[in-house]
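Same chain, two partners: chain A is paired with chain B first, then with chain C.
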Partner chain A sequence: MSVVPAEKKTTAIRPTPPKKANPRGALGVYLRPALVGLIFLLSWDVGVRWMHSDIFPTPFDVVKGVWELAQAGLLLKYIVASLFRVSIGFALATLVGVPLGLVLGWSIPAFQAFNPLIQIFRPISPIAWIPLAILWFGISDAAPIFLIFLASVFPIAVSTISAVRNMQPVYLRAARNFELSRAELFRRVIFPACLPQIITGLRISLGIAWLVVVAAEMIAVNSGLGYLIIDARNAGKRYDLVVAGMAMIGLIGLGLDLLVRRLEHFDEVRWMYAHRR
Partner chain B sequence: MKVTDVVRHGRRCAPVERRGDISAVLYADFFMPSRSRSLASVLLLFAAVWLGGISALHYILNLHTAENKFAKVAKKDKFRIGFLPVTCHLTCPVSDFINQKMTGDNIFEPIRFSSWPELKEAYLSGQTPATFILAPMAMALREQGVPIKIVYLGHRDGSAVMVHKDSNIHRMEDLRGKRVAVPNRFSNQRLLIFRALRQAGMTINDIELVEMPPPDMPAALYAKAVDAISSGEPFMGQTELDGYGRVLWLTKDVWPNFISCVLAVHEDMIKTRPEVVQQLVDGIAQSGKWLDQSMDHRMQASQFVSKNYYHQNPRLLEFVLSKPPDRVKYTELEPLRKDFEEIEQLGREAGILKGTAHFDDYVDPSFARKTTHLRAFAWEEKP
Partner chain C sequence: MTRPIISIRNVGMTYPFKGKGQPLTVLENVSAEIAAGEFVCIVGPSGCGKSTLLNIVGGFIFPDSGEVLVEGERVTGPDRRRIFVFQENGVFPWLTVEDNIGFGLRRRAADEREKIVHHYIAMVGLTGFEQAYPHELSGGMRQRVEIARALSANPDIIYMDEPFGALDFISRLKMRGDLVRIWNAEKKTILFVTHDIEEAVQLADRVIVMSTRPATIKEDIRIDLPRPRDLDSRGYLELRDRIFHAMGMSLRIGEEESPRLGTAAV
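For the complex of A and B:
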């Protein structure tokens, strides 16, 4: 729920405007996505039955699979394990990526020196890093955390760099008039001015971090949703559990995205977006 | 919407009386942001609580229980062994389970991998000083200078070539121009195909070989993405059990006493802790003898291994360990020179071995020789 933008206060006392689809009503927020979801599930179910596949599970099989995992107490364990690895990896990536991006976005020599290296590392899939992750971090939680860190640190850095570079020059001119020191300039002008774009970058990167959880848990860990998928492939014909793992990853991804979106409702971020809504 | 509504909802201040309690502040600020608290303070608080909470939960739910399960007595000399959930490595979990049951402890901790590359990399990085591994892979590693020694075999036989039951493939010759899946270029299944082709008067150019992780093979055969598959059990038995796979031939028909996986240990371990290696090999040998002692033992193993180590349906292991009983063997597991010389020669033909390392370089048969007098574990699972 967002704060109602200030300009609406005035429109509220005017005569009611012509009826338009209300983007915040129950229809838009719940009903439409529920309808699309239902159609998707139905066509999935019909598709599986129509093809007479006894390998590919129906949505109901998947729900039963999820229930089976929950009964065995594994579901919560796996979700916690995956969230733990992604949280730590993503937190480290934020701690490294945002300051790095601010510096590289601000200093042109630093950007020239380091940007090619970042662009070289950025497109390398975390899967390619698996052997090195095992060699460096062994077969503990550190290896998947490292992979998640790698997958998210570059998008965070790149979006922060572009946030700084695209900053309106008027803020800087104003700041110069106040004769701010370099540290104060960063803290009081550059960082707040870039924050909305940084938050958007974080949101996208969190999606990427969560995306690589399957690949990251291919290393010999014995918990996690990615491990669930790999374990189910080993288990013979348990593709219901494979799809259950996929569904849980997707649903939790949706939850994470909604959570990060909340950040956009803060005043520190909203000033950039409010007028677009 | 009335003005009063807008004003009331426009500023969602957290209720004053709930401040002070961290969870209330978190909830109020995060879900109902207000001007009264800055983004930075909320974010820091939320991040701290989240990271702390999720780490604590992870510790309680996953790390703590794992510790209880594997290392109640956290001995520092307990070493890790890599294995995959295939019948070729069955003696590893069996030995672990029976040792745990008989003595309450075990000298090693089995670590399950999902594919060959990761298993190999864990060995190379020293994480698993002992590992079950494909024989030609161990030999190739030795050629590349890796200090690895084969001390025992994992099994004999226990592999098959499967085709789709609707296909017209009934003999090796029918595979001409077809697509055949093998687990890895270093797998003995690939060498097996080479050998079968030679027996049928064909060459590798007559078929198309693809590499595929064994767990993916049943689905690939079902979807007819490949015409034939070959890997360790239970993935071959699974296609038969599920009713779409047919045995083209079992390894015992084409290459009697076939070996695919071996137990290998790091040379340093042989030098510094030979008594531990001997203990390990003894346990594996006793497990093998126990497995071959009676069908009842195999059924017991199917249950506890499926449940505790492989996470598969026990029916699968029951099937491949019994139909037919000589589908896989766990006795006569001493590494013999003539077997490895044959693998060496086939490996050279298949282009995976250079032929620079020989039996004495990559095998240390001394541990296996001391196991001949050993008997099967005297242990029965109580119902």
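For the complex of A and C:
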């Protein structure tokens, strides 16, 4: 907590015009998106009924599908399976990507040596690695974890590299003035100075990781939300379960993003975001 | 003058011009000596190389010719005993006011560190803001944090590169008053770069006037005015006009070059 009251510049200059809705109030945060969501669900429902589709589910069919999966004990099991793979793969990618990015961002020779290789690996879709992942790891958790690692390690490393390279030089000069050792320089200046951008990179990478786990599970394993979708399709054209799986993926993805966003509120990194919210 | 703490000896600096064209000589054969405890201002027109000179003295860049000695030793890099206060504010935004000011004190015991930090927080007038983060402070307060961070490291010399340049007029006046008060209490050597002539005359014991590029020292003027300084006194105005004159500038707005500057009314 800060001891300084947050300054509201606009209100200080002129009084807030009356009748103007607060954009962060209940209307903006809940009511508007709820309204749009409702319209979306209604059009979906009306659309399905109007087309007289036998296999495409209505929103209510999807809710029933979710309930059926929950009853069968599959919903929680698959969600846990997917989240477990993402957590492990993403954690490994962070542990490798951040230190790698710090070193490559700092050392010009290291950057020159490794950057071309990174730039060649980076555009290869993690999906393209699926055959190799199966070859090396078989049908096991290791295959999707490997794919998630590949999917997130490059964006994490690249955003960390750019954070170090775009760092305000004045912080480095101040640090040199206080004669910090190399280790202290990284720990006390470079890392904290880059942390806000590193967190932004982690957020983007986690989004990619969540995209990739679904694709990987469709091919390389027999559990998880991706497997649920492909299995429901193949084993009886249960499109209600397919869409139920998709809805779960969307909701959990949103939850993951909100979770990483919370990192942006810590005092140590708020300085970078403070002026844009 | 007593034994100099800083000796600048025939320093020259040329930047290779970006793209085609002539290399840019910013400093040419600059020599000066600064005594321990002196408050010296370097003034000169914008882009004349005064900042480059301060960065050379501070050890952040190396001159093409000449050398700088501090306490008899050649400067080969930045040093904990001489702290630089940056124009663009080098306070660390991820640390609280307290942690910023204690940044150079990691090797001290915790209670000792706390004592020093609180002493300087009080001295720069930031009591009550110990736990605040820099982005919650005004520009003037952030500069106070940086000055306190410099002082708490107990340096022999403080280098200041237009530290109040980004502040508004009122904050600048207030900061100057406080800086003189702090300098009186701490007796550090201060080498202060500014393009503001009034600021130099208000602050310094001595003003070194630099010419436009390639910068050489045009004049070295002793400011023998008692402190606190009366900004309306005859002595103040005369010294200020002398520096204006040395910089080849007019005191009349709208006039290119004043023919009778020394006696001109303001």
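FYI, the second predicted complex is superposed on the first by the 255 of 277 C-alpha atoms of A that agree within 3 Å, B and C clash if a C-alpha of one lies under 4 Å from a C-alpha of the other, contacts with A are read in each partner's own complex, and residues count from 1 in each chain.
The rule is short, and it goes like this: contacts are C-beta pairs under 8 Å (C-beta built on N, C-alpha and C of every residue); 3 or more make two chains touch, one makes a residue touch a chain.
Predicted, not measured: the structure shown is a model, and the values here were computed from it.
Using the contact criterion defined above for the overlaid structures, shared-chain residue A:Arg262 touches chain B, although it does not reach chain C. When the shared chain is aligned, chain B comes close enough to touch A:Ile230, but chain C does not. Between chain B and chain C, it is B that contacts the larger number of residues in chain A. Once chain A of one complex is fitted onto chain A of the other, the partner contacts of A:Phe178 are limited to chain C, with no touch recorded for chain B. Within the superposed three-chain model, A:Leu150 lies out of touch with both chain B and chain C [touch as defined at top].
In the superposition on chain A, A:Val170 contacts chain C only, with no contact to chain B. Legend: residue contacts after superposition of the two complexes on their common chain; A:Ala93 is shown touching neither chain B nor chain C. In the superposed pair of complexes, A:Ile130 makes contact with chain B only, with no contact to chain C.
Within the superposed three-chain model, A:Leu195 lies in touch with chain B and with chain C [touch as defined at top]. For the contact definition in use here, the residues of chain A common to its chain B contact set and its chain C contact set are 1, 3-4, 6, 195, 267-269. By the touch criterion stated above, chain A contacts chain B in their complex at residues 1, 3-4, 6, 8-9, 12-13, 54-55, 76-77, 80-81, 83-84, 87-88, 91, 130-131, 134-136, 138-139, 195, 218-220, 222-223, 230-231, 233-239, 262-263, 265-269.
Residue ranges on chain C touching chain A, taken from their complex, read 58, 60, 77-80, 82-84, 86, 88-90, 92-96, 103-104, 106, 128-137, 153.
Contact residues on chain A toward chain C in their complex (touch as defined above): 1-4, 6, 168, 170-171, 173-174, 176-179, 184, 188-189, 192-193, 195, 267-272, 274-275. Against chain A, the residues of chain B that register as touching in their complex are 1-3, 6-7, 9-12, 30-33, 35, 38-40, 42-43, 47, 50-51, 54-55, 57-58, 61-62, 66, 80, 82, 85, 111-115, 117-119, 121-122, 124-125, 127-128, 213, 215-216, 218-219, 222-223, 234-235, 238, 242, 310-313, 316.
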